[in-house]
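Please go over the structures that come below.
First chain A sits with chain B, and in the next complex the same chain sits with chain C.
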Partner chain A sequence: MKNVIISDATLRDGSHALSHQLTREHIAQYCRAADAAGISIVEVGHGNGLGASSLQVGLSLLDDREMLQTARENLSRSRLGIHVIPGFATINNDLRYAFDYGVDVVRVASHCTEADITERHISYTREQGKEAYGVLMMSHMAPKEVLLDEALKMQSYGAEAVILMDSAGAYLPVDVLDRVGHLAASLKVPVGFHAHNNLGMGVANSVAAVEAGARIIDGASRGFGAGAGNAQLEVIVAVFERLQIKTGIDLYKALDAADIVEKTIMAAIPYISSVSLVSGLSGVFSGFAKHVGLAAREYGVDPRDIFFELGIRKVVGGQEDKIVEVAMELQDRKRRG
Partner chain B sequence: MDKLKVAILGSGNIGTDLLYKVLRSSWLECSLFIGRNLSSKGMSRALTLGVAVSDKGIQCIQDNPGSCDIVFDCTSAMSHNIHAPILAELGIIAIDLTPAKLGPFCIPAINLDACLNDVNINMITCGGQASIPLAYVIGQTQKDVEYIEVVSTIASKSAGPATRLNLDEYIETTEKGVKMFSGCGRAKAILNLNPAEPCIDMQTTVYAKMPRVDLPALQQGIAEMVQKIQQYVPSYKLVIPPTYENNRVIMSVRVKGIGDFLPSYAGNLDIINCAAIAVAEEFAKNRGKGREAQ
Partner chain C sequence: MQKKLRDMITADCQEVVGSSPEALDRLRNRLLYVTGGTGFVGTWIAELVCYLNERHDFGTRLILLGRDLDAFRKKAPHLAEKPEIQLVSSDVRDVIDLPAEVDYIIHAAATPDNRQHMSNPVAVMDSITRGTATILDAAMNLPHLAKILNISSGQVYGRQFSAGSAITEETVGALPCNSITSVYPGAKRYAETLCCAYWSSCKLPIVTARPFAFMGPYQSLDKPWAINNFIRDALTDNTIRIVSDGMPVRSYMYPSDMAYWLLRMLVDGTSGMAYNLGSPYGITLGDLAEKVKQYSSMVSDVVVKGMHEDNSVFVPDQGLVSSTLGLEIKVPIDETLKRSLRWFRETVKR
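Presenting the complex of A and B:
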């Protein structure tokens, strides 16, 4: 029987879906439920992680400290995790205090070709005696050989696992087998996978990842996450049970946690809207969905055109300002006929 | 009139690109190009260009104190901490392109004249040279600015190993500069690296949170500022004009490099070099004025 660690992105990736407006009550209630279900790692924070509350990506309702404190108070068994992107969060401004609030696992992320910017944040986390994972975001944008080189760098900095993120929801199961398999065969540390559901593949891709050797799987309760949402955590737990993959999670309690998210936190259940489908096809960061919707309305252009244009320009996470620029250009093109 | 003699300390990408810019200047002359390894790419370029070179580091200036009036320091913050007192002792002006932050911050379009009284001038960061002038105009023309944010996206290939290892220092130094020049107490800097091929040009977006805007004053101030910067960075271009939406101002500039030694997509490196040259040329012009007056 295989053992897999489930890392819960609900209160971090779900922030994108709520335009980063999570409340203390949301965090407290969900953390208690996740803890009761026995979920290994519970992430909390702004959608782009620590120090990312910004006009570029969206301002958080609560500051990072309030979010971490509330989560910590309501977790006893589950470990508290954070997402950290160097370029947004610095060690002095952000990471230093996160440890005072009892963070256990730091997931240090970069665009999939830029792992060397994670070196200091990973080392610092290890020096504090905490667990550090490396995270390669938008991993559909680089071939598997490049992903392995980048993952090896993270491993050399001290990362204790490397997570491939399908941030755009662009993978099919065959891509997962190929890429996760390639990393799992060559890394000393465990490999993880983070799925989005833009092409309806979230759970299938998570199964493929475990088949290919992944030992950490990210999910979100009721799929609460950016764009079309994440791989649905309670479905993963149920399917893994069927496949005799051990997660240590109590299914009934995971279902209760998902019901809490649906009834008390989310404004709408994530689904594959026409626009998120296009987002996945064009390989654009799922977290852009809300911004693209706003810009499309503001400038009177088709959100699908914005996504395809962003895809052509190979825009990466963090480049939300490009959305406004592209919308303005499309509007201009439209006016000129 | 004789050109002002400058030495370039550091023969990496920044130093070598600066050399081309000095050679083009009608006010400056490169008297020494100094590195540590005669066979490096930068050194062989300098030799081909007929410039005097040395592999002795700062020692070379100590041995020939009359060789230059200004030194561009393109080494590292740690090295500059050692170089600065030596240069000050010799009466040589240091234009510091490292993040050592010993001297006052300089943005030529804002405070060039004020910096001419100092012997050590810091060029802040590449993103700072692009964004701070815009933040300054916001501070000058608007009331009740609550928060300013500057976001730069640069081509992955234009970010060398030192930049990557020093992202935190980049962010903190840029934030300090934004606060200082805009007068706004809250600021944030963000940096993205984009690996797309062909490489993207540097783009910098400035946001400001404020309850209301004086758009005509902002537009006029920004137009004037962009013109001033274009005098030393010709390709500095406004791509999103100041726009007010949802209680925030947004504007964006793109910077293409001149393409001297560095490729033209490396606008981020070009802009800090152009700014450093502008400072040195101003020293040269003022020295000229001083002589005429005598």
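Presenting the complex of A and C:
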């Protein structure tokens, strides 16, 4: 029987879906439930990670310290994880204090071709005796050979796992088998996979990832994540049980945690909206959905056109300002006929 | 540096030299030029040479070439103040002429830090390849040159297909040219072959050492290598984590053994030959972690995650250095760990 670690992104990726307005009560209640379910890692924070709260990508209701403190107080078995994008998060201003609040696992992320920027954050995390994972975001934008090259860099920096993120929900299972398999065959550290559900493939892609050798799978209760949401965590647990893949999670308690998310945290259950589907097809970060929607309304253009144009320009997370720029250009083109 | 740490290193040097300093007599009143002289290897060469001067009147002088002399002065102020040591600040690629009185060269300039190999691969390759060419060209003009010791790497052996056996100097493993992981070993292979070319065509007296893994004073615990992480985590009372099944086999040489072996290879090594530099006594990472835990008296656990199977063995064969140079390990692994923990407890605390 295979063992797989489930990393729970509900209180981090789900933050996107809530415009980063998670409350103390949300965090405390969900952490208690996740902890009771035996979920290995519970990620908490702003959708874009530590230090990311800003006008550009969205202001959090709570600051990072308050979120981490609340989570820590309500987790005993589960490890507390954070998402860190160097640039948003600095070592001195952000990462250093995160350890004071009891963070166990730091997932240091970069765009899939820029692993170099993760070196200092991964090294620092390891120096503090904590677990460091490397995360390659928007991994559909690079061929598997490049992904391996970048993953090898993260491994050399001390990453104890490398997670491939399908940030745009663009993969089909065959893509996952190809890419995860390529990394799993060559890395000395485990490979993980983080799905988005834009094409309805979140759980299927997670299964494919494990078949290809992944040992860490990200999920979110009720799929609570950016855009069309993530692979639904409780479904992953159930499907993995059928496939005799061991997660160590109590299914009933995972279902209880998912109920909490549905009833008390999320405004609406994530679904594959037209915009989300286009996001997946165009290969653009799912987290852009709300910004794209706003820009489309403001400039009177079709949000689907914005997504496809962003895809052509290969825009990535952190370039949210491009959304308005594209919307304005589309508006201009529309006026000129 | 605290006196007790200096005394510790003096005792280490005394142990490896023993009562037979005459094995290194050819170094008496000679001038050694060490590239990468302020790094881990260079610092230990300096310690051993200074010991020979103080205790056995060798009269050996050293020129240590390095890029960050301030760091060296901070790390080893007692060495920086020695009259027999001259510090020279330069990148090895910028060396034009060597002092005419240089008798021996130890070419140790290169970083073994695999993070830098990955982040700055072009610069790493350039430093190794052009740096080696620069030193060899400069060495051609030395009137009294007795020997050059080129410090290569055990990584030149590439991927091993016969897991389980120690690596002899004749072993040839695969090294995929189109992988970022080949940057360092590929450059080191080139440097070795370049040395071979100078030895063949110009009759430069060159021997090569192929270092494996080390642990002891003057190492940095921030390096992303297993034993460094184990010791750092033990001293900070964090859990020691092993991602694999704990079965990879490695070996670790204490640096006083390393320095002594290097000087013996320098004076007695046969030109054109390459020698393994490392302990032949392998240990699994799982057992190593348990020993670190035992000797550090840490309260945290050792966690073997078993995320993948790994039966790789990276251990040098000692046959050639034993039979031709008479070299043996003086500091076994248990003592290596105890001394390292003693050193790092003091230096990390400071």
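Throughout what follows, the second predicted complex is superposed on the first by the 337 of 337 C-alpha atoms of A that agree within 3 Å, B and C clash if a C-alpha of one lies under 4 Å from a C-alpha of the other, contacts with A are read in each partner's own complex, and residues count from 1 in each chain.
The criterion applied here is as follows: a residue touches a chain if its C-beta (ideal position, glycine included) is under 8 Å from a C-beta of that chain, and two chains touch if they have at least 3 such contacts.
The shown structure was predicted, so the numbers you read here are calculated from the model rather than taken from an experiment.
Engineer: For the overlay on chain A, clash or fit between chain B and chain C?
Structural biologist: Fit: chain B and chain C sit side by side once superposed on chain A.
Engineer: Does the superposition put A:Gly318 against chain B (first), chain C (second), both, or neither?
Structural biologist: It touches chain B, and chain C stays clear.
Engineer: Figure out whether A:Arg126 sits in contact with chain B (first) or chain C (second), or with both, or with neither.
Structural biologist: Second partner only.
Engineer: Answer with first, second, both or neither: which of chain B and chain C does A:Asp116 touch in the superposed model?
Structural biologist: both
Engineer: Taking the superposition as given, does A:Glu298 touch the first partner, chain B, the second, chain C, both, or neither?
Structural biologist: In the superposition, A:Glu298 touches chain B alone.
Engineer: What is the contact status of A:Gly134 with respect to chain B (first) and chain C (second): first, second, both, or neither?
Structural biologist: Neither partner.
Engineer: Applying the document's definition of touch, where does A:Arg215 land relative to chain B and chain C: first, second, both, or neither?
Structural biologist: A:Arg215 contacts chain C only, not chain B.
Engineer: Of the two partners chain B and chain C, indicate the one touching more residues belonging to chain A.
Structural biologist: Larger number of chain A residues touched: B.
Engineer: First (chain B), second (chain C), both or neither: which does A:Gly14 touch?
Structural biologist: A:Gly14 contacts neither chain B nor chain C.
Engineer: Touch check for A:Gly192: first (chain B), second (chain C), both, or neither?
Structural biologist: neither
Engineer: Just how close are chain B and chain C at their nearest CA atoms in the overlay, in Å?
Structural biologist: Result, nearest C-alpha distance in the overlay: 5 Å.
Engineer: Quick check on my understanding: which residues of chain A belong to both its chain B contact set and its chain C contact set?
Structural biologist: After superposing on chain A, chain A residues 116, 119 contact both chain B and chain C.
Engineer: Residues of chain B touching chain A in their complex?
Structural biologist: 147, 149, 151, 153, 156, 161, 164-165, 167-168, 171-172, 188, 190-196, 200, 203, 205, 207, 209, 239-240, 243, 245, 248, 250, 252
Engineer: In their shared complex, at which residues does chain A touch chain B?
Structural biologist: Spelled out, the residues of chain A in touch with chain B are 54-56, 86-88, 90-93, 110-111, 113-114, 116-117, 119-120, 141-142, 298, 313-319, 321-322, 324-325, 328.
Engineer: In the complex, go through chain A and note every residue touching chain C.
Structural biologist: Touch residues, chain A against chain C: 116, 119, 123, 126-131, 149, 152-153, 156-158, 160-161, 188-190, 215.
Engineer: Flag every residue of chain C that touches chain A in the complex, lowest number first.
Structural biologist: 114-115, 117-119, 179-181, 221-222, 224, 229, 232-233, 236, 238-239, 241, 243-244, 307-308, 310
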